[in-house]
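Below you'll find the structures, each written out as structure tokens.
One chain, subunit A, links the two complexes that follow: it is found with subunit B in the first and with subunit C in the second.
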Partner chain A sequence: MTDPAFLVVAAVTIIGAIMAIEARDLVYGAAALGISFLGIAGLFILLDATYVAAFQISVYIGAVVVLILFTVMLVGPAKGEAPMEHKRASLFAAVLVSMFLGIGGSLASANAFPGVEVCGSGCDLQILSQTLLNNYGTQLELLSFVLVAAVIGALTLAKTEKA
Partner chain B sequence: MEPLSSFFAVSIILLGIGIYGMTTKRSAIRILFSVELVYNAANLNIIAFSRLRNPPIITGQVIVLFSISLAAMEAAVGLAIIILAFRINADIDLRKLTKLKG
Partner chain C sequence: MVDLPPDPIQMTIAMITSPLFLKVAIFPGLTSIGIIAAILTWLDRKITARVQLRIGPQYVSPFGGILQSFADLIKLAFKELIIPEKADRFFFILAPVFGLVLGAGLIALIPFSPETLISNVEVGLPVFLAFVTLSPTLVLLAGWSANSKYPFIGGLRSLFQQTGYEIPLWLSSIGVVMLAGSFNLTKIVQAQSTGWFILPQLLGAIIFLVTSVAEQERIPFDLPEAEPEIIMGWQAEYPGFLFLAAQGAGFVKLYAFSALFATIYLGGYLGPGPQFLGLFWSLFKTTIMIVLVILLRGAFGRVRLDQLLKYGWTLLLGLAIINIAITYFLIEGFPAI
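After this line comes the complex of A and B, so read on.
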């Protein structure tokens, strides 16, 4: 019943996410975050959203993770996180709550949602491009303006100030 | 056939891990990791929900494309802020960034 490909990809995603948060070294954390993003892309492929998966890989793993790695190297090795009180307890609580909500909710509602069927025209690449350019053309242009604004903002922030 | 609720489960677990990271970590970069995880959980949720309609609708994928672009911008600006904070304070421990305190 359960697709083995789904199990593998979901496990990669979740373990990557936990490693990204808990790895001692920030560089390993960034690498684990990239693996988690790769798992998300695999989940998108399982949902027949192949273009979104390709976009996810190129934007997240190609740009965001590399940017994060640059920042980690610029900022240098972490000075060691100060030990939190109740750290183990809060990790346990986080795992418990998310497992309860995720797996419990999934089991409880397994019959409420249909399975992933063959998508057909609803996931067609041609229809995606038509919708994106015909119906959402204005928003796409607006998005590029927002991108320019973000780039200018980041440059202004990172510029050296002669104080 | 994989039921859609399994994808929702992965999304919720990612959200839980992200919130855990945001609330317990002190390093600004780690908190940025957590924000990205929450973003990804939301994207996965939207894609899975767009499959729920019969026949499936493509608008979900369009929304997620926009959302991924916005997340990339957010990461760029966030990392610029982190570099600035490091230059001012020589540390990215968020609990030591108290310059704005009156």
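After this line comes the complex of A and C, so read on.
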């Protein structure tokens, strides 16, 4: 029996993601992306990882979605104007995304991180910090590029829509 | 024998008399938040007026016009909702309402006493700050959706302001977490039984206070709703009830941030006397912080956006990092020179 809370949160995540791609208005798309990220934060909470959920909200909604909204509003197309289709670019993006998903998936598989204990509700802050900084320092630094990626992505999105 | 379904009336009674429901519905939950936000509106006007040698609200009750804000609340709630023709109705309505809900949700994380706590989240402090990061997004959406000049400028200002204060706000609270060894707000309060964190964390507390005032969009950091420049900024187009929600969210956040400051720096519910006085102490400290923040409004002028960004990224960020270094040495001992 699947947890009904999981079904609801997963549905919110997937519907939000689909709306983010399919929305005609870029502002609605960005807001739907935010809802999808909220769903992912909910998944983290269901996995008893509230700490990760808090940072998921603050980084991905508080920074990434805001950056996208900001760029779209400043340099994007006017409200109601439909974005142009980019068949080749979307194919390229799909290949790129699936490559990253593959790499991320293989990294996130059970074999990739041996000896990791789930940091649940009774987790010790010191052990968590030591694990993060000693064992996964490089990955942590790499993840911090996510904001740079968001800035570049938002600018590209707004630019190509205009052309 | 077939089990009879439980009596719906008894179930309802059992539900509304359960402690959690009472906490969510009455104190520290919804009812008290509404009343406190209304009283804070009055307090804000009265204190600002007294600082400026005016009288402030006076007529709407024998007690210094304390019912003035309730009268305004009723007036605003019954006004006609006029939504601008060119506005984006969905976000125009959603943004202030969701902002009010978020502000009220912050209160659920604050331990007013060991028992008076709705949700004891293990990582309460980051969850609180994470909720808070959502509000500039909503302000931007609100400003954009009104499809009007001043609201949009206000929304953009809110966003610029966030980039200035957000990082110092998070970094300044790290000192507390280092001293307490936990993100849990109840554990942070208990860790202060040997001494309030305001003493070892004086620098961090000042940065936290400054950045949290910036987050609440209060003078001297009320750029997104600067009345003389951009006529209430992102709230300019809001009618009746939605204006009430937008304004109310600001006062609920004032309450929540003051309560958080009292919790992480001033020992929360700790204080002299028997344990049942804990609720009194936490509310007393919260009130002191609220009055202090309101007094700032009477004492300072508004900063410019470039000043806020400059000092946020240089002075406040630098001091926050210095504060973390000081806290490290406080824990590990100062190196012998």
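Assorted remarks:
By our rule, the second predicted complex is superposed on the first by the 82 of 163 C-alpha atoms of A that agree within 3 Å, B and C clash if a C-alpha of one lies under 4 Å from a C-alpha of the other, contacts with A are read in each partner's own complex, and residues count from 1 in each chain.
By our rule, a contact is a pair of C-beta atoms (placed from the backbone, for glycine too) under 8 Å apart; a residue touches a chain by one contact, two chains touch by 3 or more.
Since the model is a prediction, treat every value here as computed from it, not as a measurement.
Note on subunit A: of its two partners subunit C and subunit B, the one contacting more of its residues is B.
After overlaying the two complexes on the shared chain, residue contacts for A:Gly153 are found with subunit B alone; subunit C is out of touch.
Residue contacts after overlaying the shared chain place A:Ile57 against subunit C, while subunit B stays out of touching range. Of the two partner chains placed by superposition, A:Pro4 touches none, neither subunit B nor subunit C. In the overlay built on the shared chain, the residue A:Val66 is in contact with subunit C alone; subunit B does not reach it.
By the touch criterion defined above, A:Ala31 lies against subunit C but remains apart from subunit B after alignment on the C-alpha atoms of chain A. Across the two superposed structures, the residue set of subunit A contacted by subunit B and also by subunit C is 51, 55, 63, 70, 74, 79, 121-123.
Those residues of subunit B whose C-beta lies close enough to touch subunit A in the complex are 1-10, 12-21, 23-27, 29-30, 32-34, 36-37, 40, 43-44, 47-48, 51-59, 61-62, 64-66, 68-77, 79-84, 86, 91-93.
Only residues 88, 91, 121-123, 126-127, 129-131, 133-134, 136-137, 140-141, 144, 147, 152, 156, 159, 162, 166, 170, 177, 181-183 of subunit C touch subunit A when the two sit together in their complex. Residues 1-3, 6, 10, 13-14, 17-18, 20-21, 26, 29-30, 33, 36-37, 40, 43-44, 46-49, 51-52, 55-56, 59-60, 63-64, 67-68, 70-72, 74-75, 78-79, 81-82, 84, 87, 90-91, 94-95, 97-99, 101-103, 105-106, 109-110, 112-117, 119-124, 127-128, 131-132, 135-136, 139, 143, 146-147, 150-151, 153-155, 157-158 of subunit A touch subunit B in their complex. The touching residues of subunit A, counted against subunit C in their complex, run 27, 31, 34, 50-51, 53-55, 57-58, 61-63, 65-66, 69-70, 73-74, 79, 121-123, 125-126.
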